[in-house]
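Next come two complexes, and both contain chain A; in the first it sits with chain B, in the second with chain C.
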Partner chain A sequence: MSLSDRSHAIELILAFADDKHLMGQQHAEWIGVTPFLEEDLAFCSIGQDELGHAALLYELLVDEDDEAAIDGAIDALAFGRSADEYRSCHFVELSTDDWAEAFVRHWMFDLADRLRWEAVASSTNEALRDIAARVEREELFHRMHADGMLDVLLESDEGRCRLRAATEKMAPLALAMFEPVEGETQAVADGVIDRPFAERRDEFVAAVEARVGPIDWGEPPSQDGRRVRSADWAPLMARMREVFELDLEARW
Partner chain B sequence: MHTYEIFLKKDGRDEYRHAGAVDAANDDLALVMARESYIRRAEGDRLWLVRRDHVIVGDRDFVSPNADKPHRHHDGSAVAARRKASREESTS
Partner chain C sequence: MIGLELAVHEAIASVDDPEYPGVSIVDLGLLERLDVGADGGVRVGLIPTFSGCPALDMIKADVAAALAAVDGVRSVEVVWLSAQVWSVDRIDAETRAAIGREFTVSIRMPDGRSLCPLCGTETVELSMFGPSRCRSVHRCEACAETVEVMRS
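Entry: the complex of A and B
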């Protein structure tokens, strides 16, 4: 599978894949430390799904034929680029050891994710369209988990308070998910996506506020079309590459 | 939080079997947690959840007295043993 005939969609796919990849890693880092065992399994499983989705998206950008070469090229994309070549947003780069923040990020990310997949559900790119249909079964479960937990947590004053505080802290970064990337206008014209992601921002804001009430969204950070990494990116990437770097020639 | 007992069924011919338990805040989350805790590797394709406090439990004093009624065991082993003993007696 290749996107080479739709080269202006490359930045867009890369942004999508990098967000999924880093989000998956962030969720996975909660293994063993979420508030209870069942949540531990559920949260890390969601993270694992995100990593799987990232791999499917990276594969779209790979121009190889045999399986080993495809795997190698996906790894190179996932782990081998320099900082300025990544297109992740600062929302997924942020490191947090606060469970409320981690949970809220999962909820907000999957809300936005739904809008993103919708944008490619009727894409002119067949491979992308197939992936969208395939991941929806998993995304449905992510939203069930987030909404179910929210329902319960919003019942108590303490839960509501902590969720609102965490949502407000995440809000400016969440808005930056919608920042346009290079080639997006052309990708819309080609029918790779049905409209610019930024056009869904108000819908996202309304969906968040429908649960936690009106919040102060603050100012999104400057990401320069997602070319600039935040301070948390390098340590995150170092953690991700820790085992990979033990032996760069190893076959896994 | 409530504790839910999990029952799974893999194949149409199999019966539901107890797989374990999860703690969850409500029925919907129990389904989500059960899915992640017990069916991650497709261990079943059908799922029952029962809240543990909805299970009707027979008290041990109520259940155990029947342990002393060997005459209700009808696998024939006692009869077979007697017949074997009597055969051995007649041939000796």
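Entry: the complex of A and C
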């Protein structure tokens, strides 16, 4: 993608990429400690997809030709920016040791992510459109998994109760996924996305409530167009960088 | 020229998928584009099964190494294409049979069913996700065998 093609889409691409990068890491942190094996396998595969998509998206923002330089530039984008240069939403930054919350986040994130990516499906930006097709094909499995697990968990009173509580806790954060990103109006005008993300918010709310019933959505956090990081971001990034920082010159 | 193209194709086909030793990446349908220039420049476009597949770098390096060893090849460029989406429908019948026989892995059929590689009975899904991103875990009720199913 040439620089002029993407200049108006950089913020949008970063928002998608950073969300997926952090979501992938959050899922990965559950490997080995989920309540049962099937979820271990699921979170492993789902997290792997998110990290793969993040790498594809970061690569769109890289201007190198040489393979080693491309890898280095992707790593620099993924791990090397300062806090205010990230564009993740607070929803994916939140760390939780509660399985119900982790599962509900996976469900809500993939639901919201689909609505956001649909805005890219017929993008005038060819590279983004290609990634959208790949993302949809792979994330279909994420949604099937979440829906199947919800079916089972909603059968018992305890399951319904814990799901509702977790959903209400996640709700305001999830809503903020639809917050406008910088340059979004221009991106719509240019056909990079077919409509503002916020227009899909009501559909998201309806889809969530169709499963767990009406909930209190609370107040979305103040993210200032995704420029402000939440308290959980720094410790999360420290865990992510731990190995990377052992040897900054290493090729992975 | 034709000779070089053949040798190049053969070299790519000699690369096995790390998940299935003995099964060529060409037979799995990963090779999408091949361009052999008169100057000996080779450009290969591969399709990843899943974008987060950890074997991508390894496969790419294996293809580059196999091509570098071909007489007449002067430069090699191997890229993963994101425009094309891979599907199990790209695997031919012979390879499906071989994977079933050697690895007890069934390839999901276009109608969504998968058959036990040992007895041919339709399998039942136990877990949508399995030991790698492209496989789920099924069970054959007839022979009580756990069967991994490759799907897209």
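The rule is simple: the second predicted complex is superposed on the first by the 248 of 252 C-alpha atoms of A that agree within 3 Å, B and C clash if a C-alpha of one lies under 4 Å from a C-alpha of the other, contacts with A are read in each partner's own complex, and residues count from 1 in each chain.
Criterion: contacts are C-beta pairs under 8 Å (C-beta built on N, C-alpha and C of every residue); 3 or more make two chains touch, one makes a residue touch a chain.
This is a predicted model, so every value here is computed, not measured.
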item	value
Fit or clash - chain C, chain B, common chain A	clash
First (chain B), second (chain C), both or neither touched by A:152	first
Contacts of A:141 with chain B and chain C, given as first, second, both or neither	both
Partner chain in contact with A:53 - chain B first, chain C second, else both or neither	second
Touch count on chain A, higher of chain B and chain C	C
Touching partner for A:33 - first (chain B), second (chain C), both, neither	neither
Which of chain B and chain C A:76 touches, first, second, both or neither	neither
Chain B versus chain C as contact partner of A:189, first or second or both or neither	neither
Which superposed partner A:45 touches (first chain B, second chain C, both, neither)	both
Contacts of A:131 with chain B and chain C, given as first, second, both or neither	second
Common interface positions of chain A, toward chain B and toward chain C	37-38, 41-42, 45, 141, 144-145, 148
Sites on chain C touched by chain A in the complex	50-54, 82-83, 85, 126-133, 137, 152
Residues on chain A engaged by chain C in the complex (per definition of touch)	24, 37-38, 41-42, 44-46, 48-53, 55-56, 126-127, 130-131, 133-134, 137-138, 141, 144-145, 148
Parts of chain A lying in touch with chain B, wherever the complex brings them together	36-39, 41-42, 45, 141, 144-145, 148-149, 151-152
Interfacial residue positions of chain B with respect to chain A in the complex	22-26, 28-29, 32-33, 35-37, 40
